[in-house]
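Two complexes follow with chain A in common, the first pairing it with chain B and the second with chain C.
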Partner chain A sequence: MSLSRALETGDLAELPSRRDEDWRWSDLRGLIRAIPPASPDASARGEGPFAAVCSETMLVINGGSARIHLAAGEKKTIALRLISRAEGTSHSADVAVTVAEGAELTLLESHESFGAGYITDVEMDITLGASAVLERVVVATEAADAIAVTLARVGIGAGSKFAQTTLAIGAKRQRIETRLAHPGAGAAVRLDGVYLVGEKRHTDLTSTVTHKGEGGTTDQLTKGAVAGQGRGVFQGRITVERGADKTDAKMGHHALILDDRGEVDSKPELLIFADDVACAHGNTVGQLDEQAIFYARQRGMTLAEARALLTEAFIGEVIDRIEHDGARDVARTWASEKLRGLT
Partner chain B sequence: MLEIQNLHATVGGTEILKGLTLSVPAGQVHAIMGPNGAGKSTLSYVLTGREGYEVTDGTVTLDGEDLLALEPDQRAAKGVFLSFQYPIEIPGVPGLTFLRTALNAQKKARGEDEVSAPEFLKRAREVAKSLKIDFDMLKRPLNVGFSGGEKKRMEIFQMAMLSPRFLILDETDSGLDIDALKVVADGVNALRSPDRSMLIITHYQRLLDYIKPDQVHVLAAGRIAASGGPELAHQLEAEGYDKYAA
Partner chain C sequence: MAAVKKTVDQVKALEAYEHGFVTDIETEFAPKGLTSDTVRYISAKKDEPEWMLQWRLEAFERWLALDEPEWANVHYPKIDFQDAYYYAAPKEKVGPKSLDEVDPQLLETYKKLGIPLREQEVLLGVQGAPKYAVDAVFDSVSVVTTFKKELAAVGVIFCPMSEAIRDHADLVRQYMGSVVPVSDNYYACLNSAVFSDGSFVYVPPGVRCPMELSTYFRINAAQSGQFERTLIIADKGAYVSYLEGCTAPMRDENQLHAAVVELVALDDAEIKYSTVQNWFPGDPVTGKGGIYNFVTKRADCRGDRAKVSWTQVETGSAITWKYPSCILRGDGSSGEFYSIAVTNGHQQADTGTKMIHLGRDTKSRIIAKGISAGASSNTYRGLVSTNHKAANARNFTQCDSLLIGKTCAAHTVPYIEARNATAHFEHEATTTRLSEDQLFYAQQRGLSKEDAVALLVNGFVREVLQELPMEFAVEAQKLVAISLEGSVG
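So, the complex of A and B:
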């Protein structure tokens, strides 16, 4: 059951609904009354957010396929632009990324909208060989009335390093999901997210990490802010299977509600079936500090500017963790702009 | 410059200021002294427009303009600056970023051009040096992990950088040792000018040995109970506030 199956078969019964536990906050079946026609072929527009920091670009426009393969020992930075240039139509994309042993990839992924009312579905399969390195930075800017679902299935090898930062502003319904199978074996995972959701937008950052072997780390930090009638959903599940000893996993989710009408739903889960592990999680939802806002305003900042600056500082901790210098700057600028438009 | 007439204000439904009248002409430094709970900090927050401090009667004008009708940031852009008794820590925002954002917001509100980064940094270095502030401290998140004295110096630093017209110093001497007090006082005195006024709120006379006021007022039970020259501060130090008790 998935959006991609529904788009493929035209069968609405394939859509996940609120009765599916993992979809209860991001129901699709109640939202999609008919499967829209397929999106037409289209050409790219603009350069994408990462053009200035990356020379190699792959385009996927209104669905389609892309294959990215790095041979053993290769090192690359690639921009992947997933573009929706569609009005009221639907499209699916599938992307395969393989990073062979010892190779290093920085994948700068943008979900770009030049349309309205579309449904887009992206499925990615990401495979890292032993000691491979992948940093994936996702900037997802969908139309306010779009429905956008992305699922990445990630498999990583021994001693590899997978780092991900997802930045999202929501859509009519937006879900970005990551399912990662962790072998332990010295592999290290960082799984971060930032959401800035205003208007009536909705975003859902869901992840599952399953530690299957001994001696792996997962470090997860998501921070978000909701304004207007925005809704942020965070679901994180880390499972440590029997025998996956010496696992070190931590999960943090912290959100700010900037308006009374905003909503944050959060479900952090640690399921631990091994004995010798270090696992921790923290989850907070709060508001900006009124004293700090007054202090900033007393110095001359408007209420909007004070709120934007303080929120920027709040999420800055996540953006600072992006390792690619250029991508970090792009992410910071992007977030700063989105924050100042957050209503 | 600043005219306060019959000011009444409540906090959480309790009346704290009960008909306060005060006039601070341009170029003058006035001190407000008074016992704890007299309404000194309330006055500073009412003048700067903090939420929760409700004016129920009276007027406050700055050069004839109704201050109470303005938002806190609009008052700041008009040149009102409050040096906080307890400066706020702002995690994640470097002091310089905070201050430049504030300065440019004020300039924008006044219809002036923004200050360029190099210009701003040059001035920041000069002012930091004069206040004996380590420049690297300004790159750290504002006030986070700073000592009481460092926070107060940061307030004066911001004050010097923003060049306000009307300065309110709320218990600026608290938490300062004698050396820091001298540095802070020098910084404040350097800002004295014919077109700038100051209101110094303090519990003790000590600060007024370094920043000489033109006038001293006693604030007790929500109104000005007495006014006089600098000698009044010494008299209060010797006799205490008992005779002004409500």
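So, the complex of A and C:
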């Protein structure tokens, strides 16, 4: 049951509904009454957010396929632009990324919109060989009335390093999901997210990490701010299977509700089947510290400036964890621009 | 340390499940199976008014249309609802007026049950013991309720539910089903159709209940279920503390316990509800038998500044499926949930709470400690939510899980739904095993490994034990240690 199955078969019954536990806050069946026609072929527009920091670009416009392969020992930075240039139509994309043993890839992914009312579905398969490194930075800027679902299935090798930062502003319904199979074996995973959601938008950052073997780490931090009937959803599940001892997993989700119409729903889950582990999660929902706002205003800032500055600092903690210097700057500028719209 | 020493001694002295005996008493059953006639039989046996029968029959109709829930993290073969007795009662002397009329075998049963000694003394009417009023429910009927007169003198009503339906119909009709609606969920709906005794408590405005109230539930008959219903109402400014304990014989069949507990707290009222649940957990090696504990407990802080506190120590049952909740409707109301859930052998527990913030300036606090050992599974599942109007809602949640051994599992599934800019929710959870360093330190000081584990576990659950009334705290500490027996090494 998935959006891609529904788009493929035209069968609305394939859409996940709120009765499905993992979709309880991001119902699609109640939202999509008919499967729209397929999107037409189109050409790219603009350069994408990462043009200045990356020379190699791959384009996927209104669906289609892309293959990225790095041979053993290779090192690359690639921008992947997933463009929706559609009005009321639907499209699916599938992307395969393989990073062979010892190779290093920085994947700068942008989900760009030049249209309205479309449905887009992206499925990605990411495979990392032993000791491979992948940093994936996703900036998802969909149209306010679009429905956008992205699912990445990630498999990683022993001693590899997978780091991901997802930045989203939501859509009519947006879900960015990551399913990661963790072999333990010295592999390290960082899964971060930022959502800045306003104007009746909805975003859902969902992740499942399954530790299958001994000695792996997962470090997860998601932060978000919502306002103006925006709704942020965070679902994180870390499973530690029997035998996956010496797992060190931590998950944090922290959100700010900036006005009374915002909503944050979260479910940070830990499912632990091994005893020699250190697993923890923290989850907070609240508002900006009044004392900090007072301090900033006393220093001459307006209330709006103070709120923007503090929210930016709050979100900044996640952005600072992006390792690619150029991508980090792009992400910071992007977040600060989107925040201005919110605060 | 003295308390720990006591625990350790008790662990050594006791068998794994000390309440597993059967009382050989002549029992009257309803015909096996569940039809509308069963519902009529129960209602007639309890000599209920027509409105109650109609309420039950409506619930039964609705139950037929509901599906069994499958979302909980528990696994068991499908229950055959037709293969059980829905009413079982000791044949002689049902509902005696005084202790003298109670069947001596029943008295002997309560003596053997090892409920806190003072409570037992009170049950047997010993002069001078601290006052604990007890309602003893045996299978489907209440066999005795103590201190009723003394409580009545201050206006407190404490009686079996069947008696309340006859004597306090207005209160029952006003409040029953108002916190847990008839078709709230599958098991609550089943309970509404076939419920038998439970306790009814009404504390009038401004009265502080002069003693602890307690109910002791015992399942004795084979192939029967227990479906008690408890309703506690604390009127404006009232206070009551209520304790609940439960046990069952060791059998290799699974028995169903599907209770409904409703608490209503009006303006400035406070209810403290404590449970020490020690149903038979099933065979620790094969996992055969044990109680299915599918219970709906909910409190409605209906009035402003009302307060409800749930404390539970869950050590028994093959399967526990239970979420004592608070609806914080009144402005300034507060809810608390303190829980220790211990699973060992093949036990499965999926338990937690819901804090629904509806009023302004509402507060809630959740402290949940899960301990899993053996081949068991222990899940904390909880919901904290606010609506748009619940300004300044505050919640603090802490769930810690402790794993003992390689074959157990511990899960944490918190749901948070915040719809207000002034909401302030904090949740933290950790999952670890007992610290090797601490164990080593304790053993180096001369404690055996089992004693060291008991000591560390007692430290782990301390925050919750502190919330229990003294008499129960000792009992609970003992139970936690017993439940973990055999899990070390």
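Methods note: the second predicted complex is superposed on the first by the 341 of 343 C-alpha atoms of A that agree within 3 Å, B and C clash if a C-alpha of one lies under 4 Å from a C-alpha of the other, contacts with A are read in each partner's own complex, and residues count from 1 in each chain.
What we mean here is this: a residue touches a chain if its C-beta (ideal position, glycine included) is under 8 Å from a C-beta of that chain, and two chains touch if they have at least 3 such contacts.
Not measured: the values here are computed from a predicted model.
Student: Following the superposition defined at the top, how do chain B and chain C come out on chain A, clash or fit?
Tutor: Result for chain B and chain C: fit.
Student: By residue count, which of the two partners contacts chain A more extensively, chain B or chain C?
Tutor: On the superposition, C touches more of the residues of chain A.
Student: Between chain B (first) and chain C (second), which does A:I61 come into contact with in this model arrangement: first, second, both, or neither?
Tutor: Neither: A:I61 stays clear of chain B and chain C.
Student: Under the stated touch criterion, which partner chain does A:A103 make contact with: chain B (first), chain C (second), both, or neither?
Tutor: Neither: A:A103 stays clear of chain B and chain C.
Student: Quick check for you: in the superposed arrangement, does A:G262 touch first (chain B), second (chain C), both or neither?
Tutor: After superposing on A, A:G262 lies in contact with chain C but is clear of chain B.
Student: Between chain B and chain C, whom does A:A313 touch in the aligned arrangement: first, second, both, or neither?
Tutor: So A:A313 only meets chain B here.
Student: Please indicate which partner A:M301 is in contact with in the superposed arrangement: first for chain B, second for chain C, both, or neither.
Tutor: Once the two structures are laid over each other on A, A:M301 reaches chain B alone.
Student: Determine, under the contact definition given at the top, whether A:V189 touches first (chain B), second (chain C), both, or neither.
Tutor: In the superposed model, A:V189 contacts neither chain B nor chain C.
Student: Should A:E290 be classified as contacting the first partner (chain B), the second (chain C), both, or neither?
Tutor: The answer is first: A:E290 touches chain B but not chain C.
Student: After the superposition, what is the least C-alpha distance between chain B and chain C in whole angstrom?
Tutor: Result, nearest C-alpha distance in the overlay: 15 Å.
Student: List the residues on chain C that touch chain A in their complex, please.
Tutor: Residues 71, 388, 401, 403-433.
Student: Which residues of chain A touch chain B in the complex?
Tutor: 289-292, 294-303, 305-306, 309-310, 312-314, 316-317
Student: Given the complex with chain A, which residues does chain B contribute to the contact?
Tutor: Touch residues, chain B against chain A: 48, 50-51, 71-73, 75-77, 81-82, 84, 87-88, 90-93, 98-99, 101-103, 105-106, 109, 141, 158, 162.
Student: For chain A, which residues count as touching chain C in their complex?
Tutor: Counting only chain A, the residues touching chain C are 21, 242, 255, 257-287.
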